[in-house]
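Take a look at the structure set out below.
In order of appearance the chains are A, B, C and D, and numbering begins at 1 in each one.
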Amino acid sequence: MKDEIKRIAISTGGGDAPGLNAVIRGATISALNRGWEVLGIRDGFNGLMFPERYEDGGIIKLTQKKVAGITHLGGTIIGTINKGNPLRFPIKDANGKWKEIDRTDEIIEAARKKEIDAIIAVGGDGSLEIASVLADKGMRVIGVPKTIDNDLEKTVITFGFDTAMSFATQCIDRLHSTAEAHQRVMVIEVMGRYAGWIAVECGIASDSDVILIPEIEFDIDKVVEKIIQKEKAGHRHALVVVAEGAKPLGGDYSVITSELGRKDILGGVGDKVAKLISEKTGKESRTVVLGHLLRGGSPTAFDRLLSLRFGAAAVRALEQGYRDVMVALDPPIVQYVPLKEATSRMKSVPLDSDMIMTARNLGICFGD
Amino acid sequence: MKDEIKRIAISTGGGDAPGLNAVIRGATISALNRGWEVLGIRDGFNGLMFPERYEDGGIIKLTQKKVAGITHLGGTIIGTINKGNPLRFPIKDANGKWKEIDRTDEIIEAARKKEIDAIIAVGGDGSLEIASVLADKGMRVIGVPKTIDNDLEKTVITFGFDTAMSFATQCIDRLHSTAEAHQRVMVIEVMGRYAGWIAVECGIASDSDVILIPEIEFDIDKVVEKIIQKEKAGHRHALVVVAEGAKPLGGDYSVITSELGRKDILGGVGDKVAKLISEKTGKESRTVVLGHLLRGGSPTAFDRLLSLRFGAAAVRALEQGYRDVMVALDPPIVQYVPLKEATSRMKSVPLDSDMIMTARNLGICFGD
Amino acid sequence: MKDEIKRIAISTGGGDAPGLNAVIRGATISALNRGWEVLGIRDGFNGLMFPERYEDGGIIKLTQKKVAGITHLGGTIIGTINKGNPLRFPIKDANGKWKEIDRTDEIIEAARKKEIDAIIAVGGDGSLEIASVLADKGMRVIGVPKTIDNDLEKTVITFGFDTAMSFATQCIDRLHSTAEAHQRVMVIEVMGRYAGWIAVECGIASDSDVILIPEIEFDIDKVVEKIIQKEKAGHRHALVVVAEGAKPLGGDYSVITSELGRKDILGGVGDKVAKLISEKTGKESRTVVLGHLLRGGSPTAFDRLLSLRFGAAAVRALEQGYRDVMVALDPPIVQYVPLKEATSRMKSVPLDSDMIMTARNLGICFGD
Amino acid sequence: MKDEIKRIAISTGGGDAPGLNAVIRGATISALNRGWEVLGIRDGFNGLMFPERYEDGGIIKLTQKKVAGITHLGGTIIGTINKGNPLRFPIKDANGKWKEIDRTDEIIEAARKKEIDAIIAVGGDGSLEIASVLADKGMRVIGVPKTIDNDLEKTVITFGFDTAMSFATQCIDRLHSTAEAHQRVMVIEVMGRYAGWIAVECGIASDSDVILIPEIEFDIDKVVEKIIQKEKAGHRHALVVVAEGAKPLGGDYSVITSELGRKDILGGVGDKVAKLISEKTGKESRTVVLGHLLRGGSPTAFDRLLSLRFGAAAVRALEQGYRDVMVALDPPIVQYVPLKEATSRMKSVPLDSDMIMTARNLGICFGD
């Protein structure tokens, strides 16, 4: 028997991602059309944990009007937060020492008081882990995966990635003509701490020459070789896409820098790679860090659609009696996977995938 | 044993679609990097059938330089054609009557003379049917599916669709504010003769109110009811997306028009629907036909990537000894399906899919 | 001596135009920062004439919050209207006959009652004429010009035009590859009833072949000649941009159609031109009507900036004691022109301008 | 009497700018249609100075075909260079010391040998100075101004600026939602070493809070005050746009950093400002450097049109007998100004302009 639902709450946690508002809209309208009430919890679960901090008590009533015209907007109308995970909430003990406590019971309690029958938790692995604990403690919870990096195993893709990848491609396009005009090496640093999805996809789509990703430790001399070989073929510029988690052979930039007789190379991974290339080829190189530009902004049509589908699917899941699943895309359909498994494995770019083979076929160098 | 390949040819047939050039580039570079020669057949198979019509003999040698900088360009550098299918080529007989002949033997013969070992045929169901016949006759052929409408059964999606859907969404966004300002009903006609994919996807992504598709015969009174209901809720404008293949109950517009005491309503399906809505609601309505705007232009990053992957996969298929398959996307991977099955079934939007359910959850009316 | 201002009202009238919301924001923030109150009159002047029709009494109090995040939004948050001009308002007399009355006294009266000290009237020639009459009757009024067609004499350009022109260019880009692939003539109909600014600018920017504008009656045979000449040079497609106000020699399409032995050619001016070209060249031609797509949507950065500048300048004008001027762009500065002169002359594209000369230098045909 | 022209050459010098190719096309087609021959000099004037370095002899013959389809492409098909100014060309003397020589006589000589009757020189102040010297030495030269920063006195605007400003605005839009979600200060560094045009325009258009430009030395405490005041009003994020040439009071960052008890703050001006804000407000801040992203890419419709007009106007100038002028935009018309005056003054943003007043009216802080 399914328990009847009268009131649900939505929470968005972790970093900004294009499509959050569309998920909120998809879930809200779908729930309202079933006669349910919908609440938005402010700033992750803060609205439930610290209601006193908010003039509105930390809860926003979501109505047709509140979610009108938000599908294409970046950000999240209910706010998000990426500090203060309630599973490991930092507080000072009596002796003034920092320790971590689990505040999920408080969340459950606060939700019960507000007669919230179920929660739709939108977020990355942090938020989904919290969601899973809340489910264990009896709350009905549906997770909606959020990761710009596309590194969640259980969904083929999630919202925000297409926007990030598309905008990265557009940026590299702009750099292309300048690289060519100035016969420079342009190093473009993109997000991807543990997985190179964005780097691989925008690197291929933009006809880049080199793609460096966390999945493949790179040999800087292979990169240099590629650039020189291109120069010999008459093209004196090169585009190098670097995921922020890319590492050289051995995993440590210091080995290469010391070879070059330098103590350290300052800056992010993009700067390091650019300087190494400069020193080894004698060519001018420049770094452009796209990071923040890829996190926000208006979602692509693909991401709007996927977000609305995820929001609506989360509500259907509740109606069908699910209590601890995550919505996931298994194209062309949205399905449900156990919340517990949701964050169990990190999804790397498979090195034998047709994507990587395509890149290699096109002559793109991964530094291996 | 695989026969060695030394020279391949690429053909693009049927209507324009964003990504054709990226497929050409993907296949060309992949083949050149294997040491193969690559030829482009002009205008579908015309370059082989009518070499005398072309100054260059109907064949373009595809080199690194020829395919440089074309990934993001609309159109096809080798030309396309959507008339004169070689399977049913119209000619006049001795008595001056039109009849159809099969010219595929000539194509095979011409290809042999040019020492073409394999053909990569990019096109819709027409081109893929030709490709299949050529394969039956011994030519090694790899098909690459092309359909803006997304109505091919054997691939979850193909290139060009994302571009069309995205641009349609962007156009509806622009119409939204005007519809609102003028309190009008805007009817947007999009492509989709047999399947409503574009209409459904851009309709949801753009927060439209009504979506009419070939898969669901619509009751105009249900549409009118939706618009009136929205007006009662304080929103005096409405957005209606219509696939060009949408049909009213009974499949015939004349029934409704005669009810209205009119002989006929001129114009396309968008105009018809707009006029019916106007007459039945008394509201101003306007039609915008997006058709041609969705066929061309620069592909989205998604479509560029998919096209490059398809092109490269076609070459790998040849290398692996395939001789009559089509590349297909089964996300996240590209795989191969028998060319014969490629066009065997039309892919409609499944009415029980989460996509349609999402639309209904959001209150979108399909006229049923 | 300048009368002190405590409360102003903003009105937006006529058709939708990208930038209306930015004007509202520019004026509102500028006024609030001077300590003034700001009201938005709903739907042109309807909020003052028919307060009973609105739940909020026809007036929206404009605050920092109300105008936050609206710069990039199409439409107008206070509504607009393009029927029921208060200078010639249609009513039925005692005998049931329609007549027109002047309701501007009512507007003045209603404004006085609401203690409105000045009005910022955003609109086209209709709205600016009303504004001028209100100024004559003693109301302090600042006009802000609005015309997508760019046909107001007293401002070099106004907001909305850049957005319309840019999007038209983008649409023609998309049609280009398809025209080429299908070797077709594409006729693109754009706005411009009395002046051809949009047609000329997007026509040049998109490398079109023919541009037909109200300023130059066209000889269809000259158009045909251009298309044939292009075909002879090896380009079998052509792009023809037509302003909706373009006319053939003699000003009448019926002359040409009857020459062709046809009673009439249905459809808009784009369709007519397309059919004439088809009949005279034997080439396939297609029409795309961009009209509605150019009126709405998110303004370009140029239009956002210009709109904010106009809104702020209107407030500064009031502070400086102006009572009957229109803001206008005389690049690089915004200045003030008498409201009476604002609509006195229509601004055509000067035939001896460098713009027209550029088009002719590029080989573009105007049909003369 | 005007000397007859049979052959002209085009040169593009200095950094990449969106619209270069459109200028080339505008000039080329205009000249070809007059029966003139058109040559493109490779890489600034290098094609004339060092013909031996090029397989094609440093000269590209520009034909209808060569300039087809390039209007919307970034970069320049004839190449550019921003090193080795021929007026001060660095060479080693007999003793191995570097000195600078004037190579313009060689350019004139080489041009004469190739029977070049006139040169269209597209470039910034460096290129225009060379152009002016060439004119003094008898070559007919028309200059076309190029500066992304918009800092040339004699033209109201030039091509490339609108593209840069628009893309900067689009980037800030993307950062907006993330700044808000994370309650951060986002510092966006844009181009503008001597003039703050891009910063001012994209700062206003994107509703930024602070704009720091070379024209106004900023007091960091005023910036901090603005951010705190915004926070008090309930908005815990802020957007700060910084031109690369912005300077603190006294013109030296070291004063402020030493106040903070730090030796130095590493990184560009954006990083410095971000760190100062962080230290003084305790808020998280992030820097995004847009520099390279604003130089390249496809030009906006506005820039395409302006570039084509400039190219065509340069050719008309030659036909009319001009020998040493620069084309310039005095909206709405293109006119000619003496080449000598072209680079005589740098165009700053006038502090009493309506643009700056608008920013102040909107509450934007310049740090003064």
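Here is the rule we go by: a residue touches a chain if its C-beta (ideal position, glycine included) is under 8 Å from a C-beta of that chain, and two chains touch if they have at least 3 such contacts.
Here the structure is a predicted model, which means the values were calculated and not measured.
Any chain touching chain A that also touches chain D would appear here, but none does. Placing every chain at the mean of its C-alpha atoms, the farthest one from chain B is found to be D. Same interface as A-D, judged by over half of the contact pairs sharing residue numbers, among the pairs A-B, B-C or C-D: B-C. Separation between the centroids of chain B and chain C, computed from CA atoms only, is 35 Å.
Centre-to-centre separation between chain A and chain B, using Cα means, comes to 32 Å. Per-chain CA centroids place chain A at a distance of 42 Å from chain C.
In chain A, 173 are the positions where the chain touches two or more neighbouring chains simultaneously.
Of all possible chain pairs, those that touch are A-B, A-D, B-C, C-D. Chain contact summary for the complex, chain A toward chain D: residues 15-16, 73-76, 79-80, 82, 167, 171, 173-182, 186, 266, 286, 288-289, 291-293, 295-298.
On the side of chain C, the complex with chain D involves touching residues 26, 29-30, 33, 64, 69, 71-72, 156-157, 162, 165-166, 168-170, 173, 201-202, 204-207, 233, 300-302, 304-305, 308-309, 312-313, 315-316, 331-334, 353-355, 357-358, 361-363.
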